[in-house]
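Beneath this line is the structure, given in structure tokens, with notes to follow.
Residue numbering begins at 1 within each chain, and the chains themselves are lettered A, B, C, D, E and F in the order written.
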């Protein structure tokens, strides 16, 4: 099964980013393909490499970056949503990139499922 | 179609709205703060029983554990992220944010 | 309809202006409209407020977008469903809405929802 | 003490909770999506009337205008950001987020 | 009490883990406790869930913080008020809570609230 | 009257930043002093200078920066909340700075009012 994920809330403030990650991790472990995680609304804040949580807490941005590198999951931030919230190429996590809503449409079309996580 | 609900029924109309639109036979999965809906003995226990007459009802076990909910409404099945993936394999998804 | 045409429903559930979800949802719909998929929009709960006539956002210094819903027709997005219960409990009628919509019972919207390949709530 | 409510009563329990704790005489100000509470003829019109027996009720006019609400529940006074400042000058503030 | 001591009430209104408000609220309280003001915490609505016993957040890979409420006593934050109605409608009793609290009627919490210089909802 | 403001949500996603600004503007115009705007939770995202909204929309970050410069309003982002969301000194708006929760306590103590805006 090929899966796309739409993530609509930022890290830490809402659990959405955690649930999306745990779901993607479980899907990959079961042999499914997670094609892309598209970041929308405050979700784009998942993609900044300036995130620096306490040592004893999870690093949500780094987790996405690792998932991109290890499993080829595209981490994509919507450009219009990113501009409103100060997310730019200069501070983008490794494996992440900025793109338009057309890409989300492609993701919706080419995958078997599109799951939304938000609040 | 799989319906997910991730907000507390005390704080959001999502569960009530979802129940109005869900089709008979469609599974409903409670996640995140949504799992408070299936804590046994709260004000929504009757609504959960009514829902189960037409829909199988699940709750994400890691979210139940995180909130200290050990007693869930009768018939509600706790599942892991694995089980969530299985449900998604079997159904299209409708997330009631 | 071709094999690669997907049925995509956008569900508006929030009131406008208090948060950006409805507005950014509308931006998403306008882009998706160019891809010739089978799009529809359902207005449920506070989502029906998005279509209220006479919104004037000047005093809160925000851009208004209610009239953009009137432009959807030009993008061939013509399936606009409004939940009858949601409208009634807010003391509104079809006359209060900016655009022509199909006023439907929840069960009928639920039926159409269940036929979708993708459902996105905003 | 001035109480402000900024969420729709259809979407959040904030208004209901606030009303349970407000002291007689305390003013209540609806702002942002909270102003839907005072739209005349909706399901909360009776609750607003009851509240007004003990509390003066205000709504932020720019937020009413933004949402196209021209008819408000009887007795509710529309005020601008200026009027909001005046209320804050007269009272400590309790914002029911 | 000195003139420059302020009465500050923190109001917990959200369930834990679904959002960070309760946790970051607790971080705020711990810092404010060092300033020797007259602090209190009220648990209203879903806020009462923050005090639920036996929370185990391992499965969601988040840090638990329920036990930090037990440490408040050591910071001289001793005024913990729980709204009786909120607890009851959630099917919970005092035995379900991690810490000793004052279980109060809404009117009494409202009265104490109205005496505050500052009220912060989390 | 001396006023402190606590802002708990990010720009654009919620109206809180707009209402806080309009309130502060009105208070200043009436001759009151707005001492500080303390940014907490997602509120810290108000302070990034990378914000770049559409031309025909308001620029929320720039508005705060101008208010700081023109009226001496301190714009303060909580350090712990900022680290979780990738807000650093390098991308801070002019007139803004990062500080601890102790500063918020000082603001609560020294002002006649502390108003909270959020969602």
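In the analysis below, a residue touches a chain if its C-beta (ideal position, glycine included) is under 8 Å from a C-beta of that chain, and two chains touch if they have at least 3 such contacts.
If you're wondering where the values come from, they're calculated on a predicted model, not measured in any experiment.
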{"item": "Where chain B and chain F overlap in contact partners, by chain label", "value": "A, C, D, E"}
{"item": "If a chain touches chain B and chain C alike, it appears here", "value": "A, D"}
{"item": "More contacts between chains, B-E or C-F", "value": "B-E"}
{"item": "Length of the line joining the C-alpha centres of chain C and chain D, rounded to whole Å", "value": "27"}
{"item": "Centroid distance [mean C-alpha coordinates] between chain B and chain A, Å", "value": "24"}
{"item": "Distance between chain centroids, defined by C-alpha means - chain C, chain E (Å)", "value": "39"}
{"item": "For chain F, residues that touch 2 or more chains besides their own", "value": "8, 12-13, 15, 19, 22, 41, 80, 84, 114, 116, 118-119"}
{"item": "Chain C, residues touching no fewer than two other chains", "value": "17-20, 45, 60, 62, 117-119, 121"}
{"item": "Junction residues of chain D - those touching two or more other chains", "value": "6-7, 10-11, 13, 32-33, 62, 80, 92-93, 95, 97"}
{"item": "All touching chain pairs, where touch follows the definition stated at the start", "value": "A-B, A-C, A-E, A-F, B-C, B-D, B-E, C-D, C-F, D-E, D-F, E-F"}
{"item": "In the complex, chain C residues that touch chain D", "value": "14-19, 45-46, 49, 52-60, 62, 64, 66, 89-91"}
{"item": "List of chain F residues in touch with chain A within their complex", "value": "10-13, 41-42, 45, 48-54, 61, 80, 83-88, 90-91"}
{"item": "Chain A contact footprint on chain B (complex, rising order)", "value": "6-7, 31-33, 62, 80-82, 84-85, 88-89, 92-93, 95, 97"}
{"item": "Contact set on chain D toward chain B in their complex", "value": "10-13"}
{"item": "Touch list for chain C against partner chain B, complex", "value": "13, 44-45, 85, 106-107, 109-111, 113-114, 116-119, 121"}
